[in-house]
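This is the structure I have questions about; it appears just below.
Chain lettering (A, B and C) follows the sequence in which the chains are written, and residue indices restart at 1 in each chain.
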């Protein structure tokens, strides 16, 4: 039994929209113009899902579906016209990024299960789906990606993806676990970021 | 009815060659050596087509076909041996990039139609095909990609791709519309770049 | 007749492990924390094989197989706990990168032959498999990739990949040629790097 596909679609569209906001706001901050904002919103919002589908070995669905393209365009336009308002919210790029991370981690893991991947692979694929967009955003704006710099970035994505995967192994595909996974990821990510929880660094010479 | 495949192949090879020149000249300017020039020419020339085929969900054709590899190698060698001549032409990287943008936008859109994608997707896929190589060139040389910085970059690619797609919807697959689309894209891109036409930037705090 | 798949698997796992060391040590040097080290080790170790499989048009195998994930995790943990020891070895990132380059060049070329690609394509695909991980490592840490900067990087990868391909054309799929190809690649790369063998640079204005 699988999670209701319509529910996954809604989470995916939401994730696409908030990742689009994260990319679009980063573009506003980097003083890009209207099309730079739209392109960066699109790249950030679609990259994770495209990587997920390429790794599964199925044609990228987000790319063919007009609803994702609409969500991306909406996010880009919101950033262009209301970016100066959203910017006032401190660290809005990070917050929207965290929301997208949680939503994509669970939908990525669910899609991997649906295509028959094992539990470890499904958890990793969920994390890749969540991490991909932000990584590309940072590379395109010439920053070292947050996933490499910040202690609690990959971990919440893996944790969030693990919730629906473990539930699935236990026989339940209730949508509750997808929501719970997303919430776990978002909370861990934002708490870790707020309180600067750092992972240990290796000993140096 | 589809555009003559041989004609599309010719446009694709031309696009590969001029994108190869754009990548190779950027490598010459960055003081890379022979192999750096050849590798950057290859990466820039093949990236757009590979992204296109991955997004469609078909094995990357440009990669398997020796004619594309020959076009790429030729472009790299031209840049190595005659780069100091081509460099004298002001902004030659941008000009070759614009030519490739137009050629790849229409061939990418045509291939998407051929694989049954809808018109909006075909236009976006055409733009991705045109934009991909230059974006990767800039990332590898540590610049913010032109598509994010410059107003008229994504727009001409979308416009150029739209011409054959609209014609196809109207029932005509004449090669004339492919050429017209490429010309529209190249002209809009170069005029916008020459006169520094900028898209509006978002309001800041 | 093909090279023993088990032998190719062993070479691939070894290549994954040493590329993981190269990525993990680069992360240690960039002062990343535990998760940064693990993520960069994983990205560098898996990128080449994923690119290879995407270009062939088959679902990325390295991603689905727990043995690769185990090799990557082991490499990341070694770098985290023993990175300060490995770092004392001068240029250890480059040395592990060279080992991975040789191993992946021959396994990439062998996999391409197995999927029926022609000899030129198999050699190039082998080189792409070897080069991909290091290129991504450098981009993520904001350096111009070594393959663009250093004369003898693409060449040893192409040479190493060519050995099993030529042997295959001559009718032999003995594992000896895979090992020989890897050794050729590693030796040429390290000798060229040690003695700063540079390819010619293009004439400038």
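Convention: a residue touches a chain if its C-beta (ideal position, glycine included) is under 8 Å from a C-beta of that chain, and two chains touch if they have at least 3 such contacts.
Note that the coordinates shown come from a computational prediction; the quantities given were computed from them, not determined experimentally.
Visitor: Examine where the copies chain A and chain C touch and state whether the two sides share over half of their residue numbers (same) or under half (different).
Guide: The interface is built from different residue numbers on each side, given that under half of them are used by both copies.
Visitor: Can you give the rotation angle that fits chain A onto its twin chain B by Cα atoms, in degrees and rounded to the nearest 5?
Guide: The two chains, chain A and chain B, differ by a rotation of 120 degrees.
Visitor: Using mean CA coordinates as chain centres, what's the chain A-chain C distance in Å?
Guide: 29
Visitor: Mark out which residues of chain B touch at least two other chains, giving numbers and ranges.
Guide: In chain B, 54, 139, 142 touch at least two other chains.
Visitor: For chain A, which residues are in contact with chain B within the complex?
Guide: Residues 27-28, 30-40, 50, 54, 58-60, 63-64, 66, 69, 79-81, 83-84, 87-88, 139-142.
Visitor: Once bound in the complex, which stretches of chain B touch chain A?
Guide: 54-57, 117-118, 120-121, 124-125, 131, 135, 139, 142-145, 147-149, 151-155, 198-205
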